[in-house]
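Below are structures written as structure tokens.
Same chain, two partners: chain A is paired with chain B first, then with chain C.
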Partner chain A sequence: SLKSLIILFDIESGYYPVCTSDILQVQLSFPPPRLFDRYRDLAPQLVPLDYTDQPDVRLPYELIGSMPELKDNPFRQRIAEVFSEDGEGNMTLDDFLDMFSVLSEMAPRDLKAYYAFKIYDFNNDDFLCKSDLEKTLNKLTRNELTEDEVRMVCEKVIDEADLDNDGRLSLEDFQHMIVRAPDFLSTFHIRI
Partner chain B sequence: MTSLKEEVEEKKKLIATLRNKPWRMKRRLKLLKECQAFVEEFEGALGKGKGRKLYAYKVMMAKKMIKFNRDFDNFKTACIPWERKIKEVESHFGSSVASYFIFLRWMYGLNLVLFAFMFGLVVLPEVMMGLPYGSIPRKTVPRAEQDRAMDISVLLDFGGYCKYSILFYGFYNDERTIGVLQFRLPLSYLLVGLGIFGYSLMVVIRTMARNSDEGGDGGDDGQFTFAFKMFTSWDYLIGNPETADNKYASITTSFKESIVDEQENQKDENIHLRRFLRVLANFLILCSLGGSGFLIYFVVKRSQEFANLDQDELSWFEKNEVEFVMSLLGLVCPPLFETIAELEEYHPRIALKWQLGRIFALFLGNLYTFLFALFDEVNAKLEKEKSIRNATIWGLNEYYSNYSSYHNTTDIPPPDIHPADVIRGPCWETAVGIEFVKLTVSDIQVTYMTILIGDFLRAMIVRFLNYCWCWDLEAGFPSYGEFDISGNVLGLIFNQGMIWMGAFYAPGLVGLNVLRLLTSMYYQCWAVMSCNVPHERVFKASKSNNFYMGLLLLVLFLSLLPVVYTIMTLPPSFDCGPFSGREQMYNVVMETIENDLPAFIGNIFTYATNPGLILPAVLLMVLAIYYLNATSKNYQNANLELKKKMQMARDEEKNRRNNKENTNQVMQDLEDLLPNRSLLPPAAEEEKPPPVLEKGSKSPKVAKRPGAAANGKGVNIQKDVSLAAPNPKAAVTHPPGPRGPSGNARGPPPGPARGRGRGTPPSRR
Partner chain C sequence: MSFDDKKHIRGQVLALKSFKKSRHLNCFADCSKTVSLAFRRCGANMTLAKQTLELWRGTMKEVGGKFGTGVLSYFKFLKWLLMFNIFSFLVNFGFITIPQLIYHPTPDIPAGVSFKGLEILTGAGYFSHTVMYYGGYSNKTQGTGGRSEYNMQLAYFFTVAAYMVLCGAALIYSMASSFRKKYVLADSGLGGAWQLLCSWDFSVTNEKAVRQRKNNLRIQLKESLSEKVQVALLPLTERLKHYGVFLGTWLLSTGMALGCGASVYFLFSGSLLEEAATLLLPFVVSLINLVVPLFYSLFKKIEHYSNPRMQVYAIIVRNVILKMSILGILCYYWMKDVANTFSCWESIVGQALYRLVIMDFLFIMLGSFFGEFLSNVIGTKCIQSLGVPEFDVARNVLDLIYAQTLAWIGIYFSPLLPVIQIIKFFILFYLKKVSLTQNCQPPRRAGRAAQMQTIFIAILFFPSFVGALSMVAYTVWTLPPSDKCGPFRGLNTTFSAIQIWMDDLNRVDAFQWTVWIYQHVIRSEIFYFLVSLIILVFIYIFRQITQGRQLLIILLRQQIVNVSSSELSGPTCLVHQSCCVRSGCVYVMMLLKCRSNIFS
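Showing the complex of A and B:
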């Protein structure tokens, strides 16, 4: 068995890999270890090359939010918060890998739906209530719709998707709706 | 041994499905490590070490295949021209304005193919293998016109050197075969002329069929419109601020469109008043259409009288009365129709269709007037031709008889006259071609001028005069223009009709049109983005573009008729064009069949044109059409029934869920009263049993951070959540929301229905 010092991560093929403290090295070496390089490039002075002893390195949200893949996304803060362990957006390497793994092309639909639900749930109460929907809509349109229009759209959304009639969308309602969306897989996707 | 093998297989399967599990990285890694260690250890024992390499190789190839497919798809999409431009227009102006540009692009593609046909099969052979300019009379400018042949004014009128060039019908020679390759030009000319129509017809019908195919599964369509827009419209792949801006604009526009649609559905007013107003509006518009038709007829009659008078005595106005009146009608009537249409209060999309229909009727009048005028001209030229032809034949006979009497031989050489001096017939086909080219060019000029003045100048005035004007120009009277979808679409369709009609007489016309569409694309995109504002009520284009395609099809048929008529009935000119000297143009085909093809094909054609065969064939086709029509109606009905069923099933499920919740509450209460007998059916049928339940909040986790970090192996259980949240009903501690009253009302009454879910247990006992 081998000892490896760097993380090999090939999200596209769906192989999971190896953490540095592990002894096994997955035999897939195509393509080269990009993700760790990207993580390290964000803050070379903070991230050590050698992850053998599992250092507790957490990059602050500002660095994550300034990545070219995320900086134009209106939901970047929520994405970072959802995937970070501390819930504040400060990500360890594992969180980083998790995030891009879920947002990659190969992640299964249910997994994506689950995390999408968490992202749009601004107040973290495990329901998409009206205020969550309003915040989502305002982020999507950069506050260009009038209040009446926003209210109407949110009411319509709850009307359409709420199955158990509690006035808000649970994970089940959300999933029931999102599996029928033709564009969901192609839009909820970040390539890195 | 087998149990070991099974275990190894199981572990392998676990490794393969590991990525589907919504666990955190650490937990997955731990499990992966365990499984891989197990597999490695025991696979060696089973001697199947090689399998792993093959598996890895297969996965790598699959991955490469996916990547290749993705790259190829990207390449194909990148090859579509102007995609980014159209997307930009779409984000700012909505899908209806963008649909015009998509239509324009489609027309450009069609014209490009037609140009390829015409150029490759008619123009190129004549240029490369035919006789050059000046060698025969039809290819030379006549002596009388030669000193003015190079003048700009003459060239712009398509006379002079332009008239005797490849642009027009008259240039082409009628030799049966030309060049080394024995290319049959007259046959090719006829077949290409007809083939243009055939190809256009095929493409239009195929596009219509494809569009109507995208009806989609109506069940899901519209069920989650707003939800899909909210959750799936942002494209996470966007990494460019400009693209992001466009996306924001397009999302906002799309929401506004859907809101408009929704509001239209909710509006309900006085139906009778609306109907009366609509009937009134239609009556007014019919009156104006009738009036304009009469006006055109009157003016054309007058112009025919004028044509008989001496040309120098007429004023400019009288000479160009017809064109003037037609342009005036074309400018005045559409806004008039729009104003009257405001009485009708239709949804903007439907109002657009009505407007298109009405302007179409108006333009049809224009088109037919033009055709009739042209036809009169052609007849006049045919008459003149007869006399010139007689004169030429007489002159030739004179020359022969003089020559033989002078030189006393029977072997008479052909008269040695310079091509420019030969007496020429009027060549009506070239004249018709010139008319069409002039019409197209003036159409282009009018369109571009209208955009320049009507949009650009107006925008400049509004923007700059606003600083020193008494009222607000931008909000008040002129303000910025909106993009006129109906006018532009109809202009495009009628322009294409002109091209179809004129292509047979002026092969260069198609090339001209290609250039025109190309410049139009850039020019109009620029004009829209810089001078226009979005419509006040942005509306979604109808999903199928079939309305435009239907109009195009109609225009295609209307333009096919004159061309086929002339091919079949009018005799070709005797001294110009590829069919000169023949009785009818289609005789070329007969000659080819007789001379070039083997004898039996000629026999086949003779049999095939026998009426005894054609009539049954026509009858058969009519029957086939009737049968297909009936089948398609049946399929549509079946579709509707299925949709209804799906809708009912969905509603039923929704009701059942609601019912279940209420009844469960009721059952819970009942159970409290009757502790020994539980009538609750097993709740497992609908909800997936939640395996891992703890959904801790964030704070306890934070407290655990140091410990988790230290050993790296501690999987943080509190963050592992399964996909299925626990049954929300369990967490519901309050009566259901706004629909509560009706739900509760549903509680007691449907006793038998409720019993459906719960009635069985008692019977089981």
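Showing the complex of A and C:
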């Protein structure tokens, strides 16, 4: 069961030995000042200073997308959607902290690959199919490649990366490709 | 994994925690919990303070945002080298200079020598009698009138030795971890997939930079699409021609490097002691270091490497050969001729290094002016086709490595040289940042920044640090120190100070174990032979393990293709799904851990 998995993980994984609920408790009561200040600065009238009773405050996507770190990023909408609880881009403090943890320098490669995969997966079907790749390409090249060129690039990507030959990229294919691109850790990174 | 699952797991974890809590209701657990929470809060506040004090954080963020991670790696490298020098300064100043200043507060400067302005450039004159150089330190065991003893010889030797050992350890550790993380599994031919999915730099925050990157990516994708498959075998004549051209350019570049080294050596036949003339040598050396690499980059037009990365590697190797051969010739001259000719030769060598450092700094400024400012002016106003220059990360990093090599060689001869180096790097950071933002554009090709980083650290370790260490080791082990100045005057070699100390310790019964270690471990050859043998055996074993694992990877890859080409049946589907759930849990755990990491 999930519960036993958690216990198993705690003891056997060799991860941070303190129970994860301690981490949750600390963070919900004392969110680290700098990130919390940035969150609060987006909407000071909505965000209370005291988070001990875990208020349900959600900042709309427009505010998140206007942050200087995100406003020019072609994937800002997808990033907000992936990390938000409701899937629409409206983020609670928890989501905000999650987002910047994953995009920080210290996140492990697997975690970054998992979230990068979700960001590029536009239709949320756990696979990067051709339409997902086409949308990614269009976001990255300002719609200036011709239809043929777009199609050829996407085919080339799938050819090179699809290990199990099902015509679309699963998370494992994506991770395998990431392993061979050592720059990924430093490019999938937002400084705050 | 959906957010509901995430929330579900979090709820479970909290329930587990309250379950655990309800079992231990005693006071002790409560107290320890409060204490540990208080500690963690304190730790978080301290991290916040440390981050606000962190050097140049805002500037690096700005540079990374506009120019990307490739250019940012230069500034990170500069900051890392600055830390080495700050540490060196603290160690030398604390253990060598301060005791000297306590016991001899005023330097004995002979009559008739006063401070003129020229000393800042030449390092000679007034400075040569101060604690700046080796000659300014006394050899007496300090301690008069009731103050405790301080053996200056041992302090000098052990400070330099400890600093070199720590530097070496730090370099080996960085090199190994960088190699493991960034180099090992890198593939050279991913092409389209890599460019599309992994190379977008999320840290770029400037609108203009983003637009430029999009353009570059588009151009690169178009290029990779229109590449024709190259004929694997060119006709024999073409291949011979290519190899002939390679041989010619390599011979020419190596010949130029050795020729420059020889000319530097023959320059020494001129008089050395007049103050203004002493600047001639560093001037020539820095001029060679500035001009000859420009020749090397001209070779690019003639050679045709199959892989553009090989081009960059070729340029790096040639520059390293040039710089290291010049430094090698200089060291050879200092060890052979200067050591036998002059009376206070260590100070003379220290002064020569000081001049080299200062002149190198002036020439880097000049190089920045010509390389970046003038190129920008020419590219935008005069010859429009050239365009705005790019920031050449490789050349600038090699300049930094050269500067740091000089500092490492100088650690024995001039204990306060790190001060000059710190000032130099500080000014260089701001200079390069201004030059970059005013004159350069972001790089057009998404370069392999991570792999280049590993190579730069490797170059910093192998020719640079190892060379400096071997020179200092040779000086300490073999060369007789000068008779009239410095902490080791009167001894046969610098290392004899340790021998004398060991003889002193031998007379005291309590320290016999130290003497035993010295005689049977440090001075015996058998020990080093055995250690080398054991290390070689381990290397062989690990290599076999690595090769076995590579074979396993190939087999597993084949298995994936085989398994997925057969249809997914019911049980396999379930396995797949439970794998997804399991991996989802793993990711939530990693996320929680990652969060705690960025806050601690």
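The rule we apply is simple: the second predicted complex is superposed on the first by the 160 of 192 C-alpha atoms of A that agree within 3 Å, B and C clash if a C-alpha of one lies under 4 Å from a C-alpha of the other, contacts with A are read in each partner's own complex, and residues count from 1 in each chain.
Operating definition for what follows: a residue touches a chain if its C-beta (ideal position, glycine included) is under 8 Å from a C-beta of that chain, and two chains touch if they have at least 3 such contacts.
This is a predicted model, so every value here is computed, not measured.
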Original post:
Which partner does A:F100 contact after superposing on A: first (chain B), second (chain C), both, neither?
Top reply: second
Original post:
Is A:L133 touching the first partner chain B, the second partner chain C, both, or neither of them?
Top reply: both
Subject >> chain B versus chain C as contact partner of A:E69, first or second or both or neither >> reply: both
Original post:
Which partner does A:T141 reach: the first (chain B), the second (chain C), both, or neither?
Top reply: both
Original post:
Given the touch rule stated above, what does A:D110 touch, chain B (first), chain C (second), both, or neither?
Top reply: both
Original post:
Now for A:D164: first (chain B), second (chain C), both, or neither, which partner does it touch?
Top reply: both
**OP:** Mind working out whether A:D37 is in touch with chain B, chain C, both or neither, as first, second, both or neither?
**Re:** neither
Original post:
Of the two partner chains, chain B (first) and chain C (second), which one does A:V179 touch, if any: first, second, both, or neither?
Top reply: second
Original post:
In the superposed arrangement, which partner chain does A:D125 touch: chain B (first), chain C (second), both, or neither?
Top reply: neither
Original post:
Intersection of chain A residues contacting chain B with those contacting chain C?
Top reply: 13, 15-16, 19, 21-24, 27, 30, 68-69, 71-75, 85, 87, 97-98, 101, 103, 106-108, 110-111, 114, 116, 120, 126, 133, 136-137, 140-142, 144-145, 149, 152-153, 156-157, 160-161, 163-166, 171, 174, 177-178, 180-181, 183-184, 187-191
Subject >> Complex interface listing, chain C residues touching chain A >> reply: 3, 7-10, 12-14, 16-17, 20, 37, 40-41, 44-45, 47-48, 51, 61, 64-65, 69, 181-183, 185-187, 190-194, 196-207, 209-211, 214, 217-218, 221-222, 224-225, 446, 448-451, 557, 560-561, 563-565, 580, 582-583, 585-587, 589-599
**OP:** Quick one: which bits of chain B touch chain A in the complex? Just the residue numbers, please.
**Re:** 18-20, 22, 24-26, 28-29, 32-33, 36-37, 40, 52-53, 56, 59-60, 63, 66-67, 220, 223-228, 230-241, 243-244, 248, 251-252, 255-256, 258-259, 262, 654, 657-658, 661, 695, 698, 701-702, 705, 709, 712, 716, 719, 723-725, 728-729, 732, 736-739, 743
Original post:
Which of the residues in chain A come into contact with chain C in the complex?
Top reply: 2-3, 5-7, 9, 13, 15-16, 19-27, 30, 32-34, 68-69, 71-75, 85, 87, 97-98, 100-104, 106-108, 110-111, 114, 116, 120, 126, 133, 136-137, 140-142, 144-145, 149, 152-153, 156-157, 160-161, 163-166, 171, 174, 177-191
**OP:** Enumerate the contact residues on chain A facing chain B in the complex.
**Re:** 12-16, 18-19, 21-24, 27-28, 30, 54, 56, 68-69, 71-75, 85-87, 94-95, 97-98, 101, 103, 105-108, 110-111, 114-116, 120, 124, 126, 133, 136-137, 140-142, 144-145, 149, 152-153, 156-157, 160-161, 163-167, 170-172, 174-175, 177-178, 180-181, 183-184, 187-191
